[in-house]
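Labels A, B, C, D and E are assigned to the chains in the order they are written; within every chain, residues are numbered from 1.
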Amino acid sequence: MKMNRRQVLKAGLAASAVYSPWMIARAQARPVKFAAILPLTGAFAFAGNAGLEGFRDAADRINDAGGIGGRRLELVVEDSGYDVARATAAFNRIVQRESPEELVFVYGDSTGTSKALAPEITRLRLPYSATSFSNELADPNTYPTIFVFGPTYNDMAGALLQQIRLQRGRGAKIFLCYSNSEFGRDPIPFIKDRAGKLGFQIVGEEVTPLAIADATPIVTKLRQTQPDFVIMQGYVLTVEPLVVRAAREQGIRATFMGTYYSAELALMQRAGAAADGFIVTYHNAYYYDTTVSAVEQIRALRRAKGRDLSYRTTYYMGTWMVLDAVAEAMRRAHAAGRLTRPGLIEALENLGDYNAGGQARNMRWVNHRLPFTKLWRANVRDGRFDAITDWVDGSKL
Amino acid sequence: MSKTLLEAHDLHLSFRGVKALVGVSFSVSEGDLFAVIGPNGAGKTSLLNVLSGLYRPQQGRVVFLGEDLAGQSPQQRVRKGLGRTFQNLELFRGMTVLDNVKLGAELAVGGYTDLVPKAQIEWKIRHHAEEVLDYLHLSPYRHVPAGALPYGLQKRVEVARALAGRPKLLLLDEPMAGLSLEEKQDLARFLLDARREWGVTLVLVEHDLRAVLELSTGVLVMSYGEVLYQGAPAGVRENPRVAEAYLGRSA
Amino acid sequence: MAEINVENLKVVYRGVILALQGVSMRAGAGEAVALLGPNGAGKSTLVRAISGLLPQYDGRVLDGKIVINGQETQHLPALKVAGLGLTAILEGRPIFRYLTVTENLRAAGHKLTPQRQKELTDEIFTRFPRLYERRFEQGGYLSGGEQQMLLLGMALLTEPRILVVDEPSLGLSPKLTEEVMRVLDELRRDKGLTLVLVEQNARAAFSIVERVYVMEQGRVVFEGTAKEAQADADVMEFYLGGAVAGGFAEAKRYRRRKRWV
Amino acid sequence: MYRLSQTLTDAFSRRFSRTVREDYRQDEAYASTPQGRFWLAVAIVGVLALPLLLPPYPLFVTTQILIAALAGLGLHLLVGGAGQISLGQAAFVGVGAYVSSHLTGDLAPLGILAGGLVAALIGIVLGIPSLRIKGVYLAIATLAFQLLADYVFKRWTGFTGGVAGRTLPAEATFLGLPLADDRVVFYLGLAFAIPMFFYAKRLLSTRAGRAWFAVRDNDLSAQLSGVDLVRSKLTAFALSAFYGGIAGGILMHLIGAVTPENFVLAFSIQYLAIVIVGGAGTVLGAVLGALFIVLIPEILSVMAGAFGPQYVAQLSAWRSVAFGVLILLFLILEPRGLVGLWGRIRDYFRTWPLPY
Amino acid sequence: MDLALVIQTAFNGLANGALYAVIASGFVLVYRATSVVNFAIAEFMLIGAYLTYTMSLFFPLLLALLLALPPAFIFGLLVERGFVRPLLGRNVVAVVMATIGLAAALDGATLLLWGPDQKAMGAADVFQLPKEMPNLAFSLGGVFLSSKAVWSLVLALPLALLLVVALKYSRYGVLLRAVSESETAALAMGINAPRVVAVAWGLSAVMATIGGAFLAGAAGGGGPGHHLILLGLIVFPVAILGGFDSVPGAVVAGLFIGLIEAFSQLYLESLLPGITQAIPFLIVLLVLLFRPYGLFGQHRIERV
């Protein structure tokens, strides 16, 4: 790791300023700051690091194009370790260190963190988004500054249920398998409720830890209940491959489905042929989809910077999209002469048809979220997910 | 004739067939300095462990102050006034000398509910502990962790801790082992004075036949768990069984 | 044939407690020497120092030399010392209590070829038929005498040239003590061992050794042949229960000093 | 010149050497000398003034240290005092947090206290196995307790809010002051912490402390000195849990929410690290340990943040390496922990400039 | 009750239990040799799995697993030399804390070395599918055994049993048991105790590697990642149940816990979601209350 002298000095000053109320005066034109608290260590380090790379690349592109109306877009990054207390401390640190004129957006971590921060965020009128797609956060009445850049878990589940209705109709037998975590449990009540209304039958339900050693007990239940569809929620590709493989080995033909955090190529790497036909929801573009202009932008930037051109994950694409959209809102706010926290919220709310280079359908918020997603089917032969639908409104059920 | 303080009746103890005590009986009167001697492995320590309640004898009874001690835990016996020191140091090595002695002094002063510190009683405990420290010439070391003291002083701290509890009867397990002659003499003097001033009755287990014969008022000689001799110290040397057991062959 | 020489050895524990204050002793090749003295005299410390095991007890050699077969060993680790053919039987009967008799012997004879090991094991079982009877019993369940025999057997399996034994008679009946001493003596003669015997039971030791050292307070206070020792008034008085003098009861007056101090 | 240096040296030694204690009473007191009392008063006033001096983030960290010190101090009573190892302190912190989350607003102090008491009760239950199990077995038993507590936190939705946890109402106030304000929480915590620190110090130097140390050093000998093993161990467990519970109550007010992630094994380990790094032995150790364990990662994070985003990921990984290595180094090089280090530094200055 | 289902669940439980048995037996081996409770055992698994993964980039998986063992062994030796030896003889709390510190350091180190990405065993890049282990799945009379289960049973279980047998009968086994009882006495008999102890750590790392690689999914989807650390906790209930100082105990307890988990997942999970994760620890608490030295703990020889 190379650091130049200025950076070392800066670090030293910052460290010494922990307990000093005075901030270092800044002379030049003020940068605009975007803070990200990401799980760079711990169980979600893979997503956090990929996400960080997305932010960095997006920021580079924006700054290469002149920043936000001449002001540099600066990233402020902290590690949360997927730990609420640490993330809260990081948040406090950022808010304390950065001036309100410069720091206009914070991107946070899990649902737990977001909930812990929410009152403070609301008080500060600080625009905020997070890796969490929890239903609870998409509520502008309670949290007027929180945006979810994508569908909530309920929306994703809704899209899946629509697909089930399409494929099988009434009487479809569904098996739910989810982790005993915040995001694992999030859409379950919704699914149960809607499944009943749609005439589906929940034939079985399995709650597991985030990591399991052996999937056979689950698969045994699948054999007993013979579902048509298995919805897996709340995993990060630790459990899905195990279950799919074991299920296919035992000749279970059910269609497996997952949400955003399953929509990654690692599913196919890990599960091999068994992953074929796994249906997921994903609301951004895949890196190999060169028809999308955002992907072109990304590749061009990476080529220009001499960065690795191989596959980038969905977490990368997601954060790129978020920063791209936020930067657009910043530009508009700047153009309106109101690049402030309230100004940015307003600009975000009015992004309208902006589609972040094709990475989103549009930015027409419904309760501060974007309920549209696409469904994809794993194609193991080509090693990619094929889109099987266009944009689906997950909230229309 | 002063009254009997401690009686042991026909104690039997064995570990998986190995006999440690075989029908040991004796009695100790108030004011005695009763010595138990015998070669290593004779069962002296086992005897003390039975008396202080760490071992349960397979047979026999221990009577202290006219009360049968069967079924009483070691700490109940201590509270009744049956003090004890150990052969291999069993001090609280991480605690200061003062705290070691204070712990003993609580027995004499009386405890209190430990979650509500009471300055008055603490104060009494401190006074009492200082008295014992001073008496045993340990005052200069009061704030030193017991484990950091030289061996001889540690032995003395252990005696101090036991004496601080003002026991009626103190069981001493080889207090002189490993001490230099001067230290042995000092300790002997402390013990004799304690007996005289505080009226502590002493049961002294020793390996060193000679030292004991001169100090004690009554002697019990043991070998392989059996009593070889019991009576006045003067009679020990004349006893042929003792001579054989002690010296390996008839001398 | 091997000899051992200790010169002016000083040992401290935990950096402060001076356990040996300049001890010199020697055991010539094939000689049997006894170290006598009361508890805490430093005998066991000397055994630990000779066998290189002081660090295990948080002690170290401060000064002086230990020479085994011409090689200085005072700072060598235990394994190197063992490699020179010295085997120590430490105090407290350190058999492996959870291992069976056979396993104990195997552990001790780990360096031998299987064949040699079998030969020696057979020899031990012939010497100690009782061990053979209990060969599948865990060491912890043997009686004191049996444990002592097992230890001697284990020592034999290390094929030592110098054998150091710490208090083998501890807790043994006179008959057993005699038995142990007899075996030690036999072993020494059969194998041509150099023997250092550490004892409190002076009388037992006298029966099999040529020379005697008496230790007290970390010093050697007497040195001489077994005969001389038995003739010495102080040794007789303090270790053999001979004369009676002085008065512990009158401790304050007790000031008669031993003549050697 | 000589006289000048002598005057300086004298002044120095007057300041730094504690004057001779003249009687036992001074010896028993908290701060035996006028200087001692003075510095104690200065320290307390200083701590009380902190919220007025510190901006929010340092205050937040300071409150975190306060909480960690309380929980660590509780564990210290158990580990350093009674010698019973526990890997379940975070669970007690959790119990305190969840209980107090039901009694907040003006009743906040009552809620925190209730959390401490409930934790203490559970502590007694956990202490029961310690009467039979020792050392490593006890460590694993407390580990099992920790993981079962996690299960209950996640499952007992009615009381704990399950995996989603519970949130403190944003508008909650205490005596008209907003509880969302960290300064209020800091004072609230201080109101518990200061008496509890002194109580712990007093306890360790009186009867209970002696009994615990005796059990720690030699439980056989303790029995023969009249110590009631059952009572000693159980009170140690109960008090340790009580301190943890109180810390949990304050933590819940500081973060403004309770979720199970705050009470996982990693935190139990952190509390144990506080005890070890601080140096088992004194109350000061727990405070120093908490300062170290909380502050070091914060400083490393601050530095990582300042180096720029491209380094954060790597520095975060390095941070956990550094944390582990620091603990190892402490254990290997300075077994008596920070207190030992502090003692050495103090001794050095006391005798400075004449080392002999 | 469906008999075939019960049999199948039992087999799967045993297969999983075999992995626990392998890891726990190595863990217990270390405890016997050095009285150190290795709280970094999960990181040992993680490093073993990463080593296997690295090897699998160049070799078929089965071979990769074998090739990962020597470096794992060396890793174990290094840990013993670097961190354990200086701390031997210190109190339990200090040693426990040291291994916890080691765990934190290793956590960070793996992140630095192998990066945060999710790995897939045997895959060099996205479009190349894993070079898998031969498929040994079979079905017999309604009882189905997955390939992973069969591999666990044929590879891990014999290995654990081998360790038990070796400890009982081999020369090294006798020496290790001797050293574990008293290092000083062993040294006095000329036994190279430091080496015996170091080998125990090395073996433990090897066992953790096999268990870790399998749990990470060497034979059934997935690769190493942080989730292994969560799975590593299972070692403690297994070791306690087995008696902590008994390697045969650890093997039996591993299989037992595997069975309990499988049946709990089958029958109890629907009633009490999440219980399967907690149940091993529940058992531990109960066992400790009634048998403080575990089910197979050494009967302590007491003689005075």
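FYI, a contact is a pair of C-beta atoms (placed from the backbone, for glycine too) under 8 Å apart; a residue touches a chain by one contact, two chains touch by 3 or more.
This structure is a prediction, so every number in the text was calculated from the model and none was measured.
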{"item": "Steps needed, at fewest, to go from subunit A to subunit B via touching chains", "value": "2"}
{"item": "D-E or C-E, whichever has more C-beta pairs in contact", "value": "D-E"}
{"item": "Centroid distance [mean C-alpha coordinates] between subunit E and subunit C, Å", "value": "44"}
{"item": "Centre distance in Å when subunit B and subunit E are each reduced to the mean of their C-alpha atoms", "value": "50"}
{"item": "Rounded Å distance, subunit A centre to subunit D centre (Cα mean)", "value": "37"}
{"item": "For subunit B, residues that touch 2 or more chains besides their own", "value": "16, 18"}
{"item": "Residues of subunit C engaged with two or more neighbouring chains", "value": "141"}
{"item": "Residues of subunit D engaged with two or more neighbouring chains", "value": "154, 313-314, 317, 319-320"}
{"item": "Subunit D partner contacts - residues on subunit A that touch it in the complex", "value": "1, 3, 7-8, 10-15, 18-19, 21, 36, 40-41, 48-49, 52, 55-56, 75-79, 81-86, 88-90, 92-97, 110-112, 115-116, 118-120, 122-123, 136, 180-182, 184-185"}
{"item": "Residues of subunit C that touch subunit E when the two form their complex", "value": "51-53, 56-57, 78-79, 82-83, 87-90, 94-99, 103-104, 106-108, 110-111, 138, 140-141, 154-155, 158"}
{"item": "Subunit D contact footprint on subunit B (complex, rising order)", "value": "52, 54, 73-75, 78-79, 84, 86, 90-95, 99, 102-104, 106-107, 111-112, 114-115, 117, 119, 121-123, 125-127, 130, 161, 165"}
{"item": "Residues of subunit E that touch subunit D when the two form their complex", "value": "31, 37, 83, 86-87, 90, 92-94, 96-98, 100-109, 111-112, 116, 233, 236-237, 239-240, 244, 272-275, 277-278, 281-282, 284-285, 288-289, 292-294"}
{"item": "Interfacial residue positions of subunit E with respect to subunit A in the complex", "value": "5, 8-9, 12, 15-16, 19, 107-108, 111, 115-118, 120, 123, 125-127, 129-130, 132, 135, 137, 139, 144, 146-149, 215, 217, 220-223, 225-228, 230-231, 234, 261-262, 265-266, 269-270, 273-274, 276-277"}
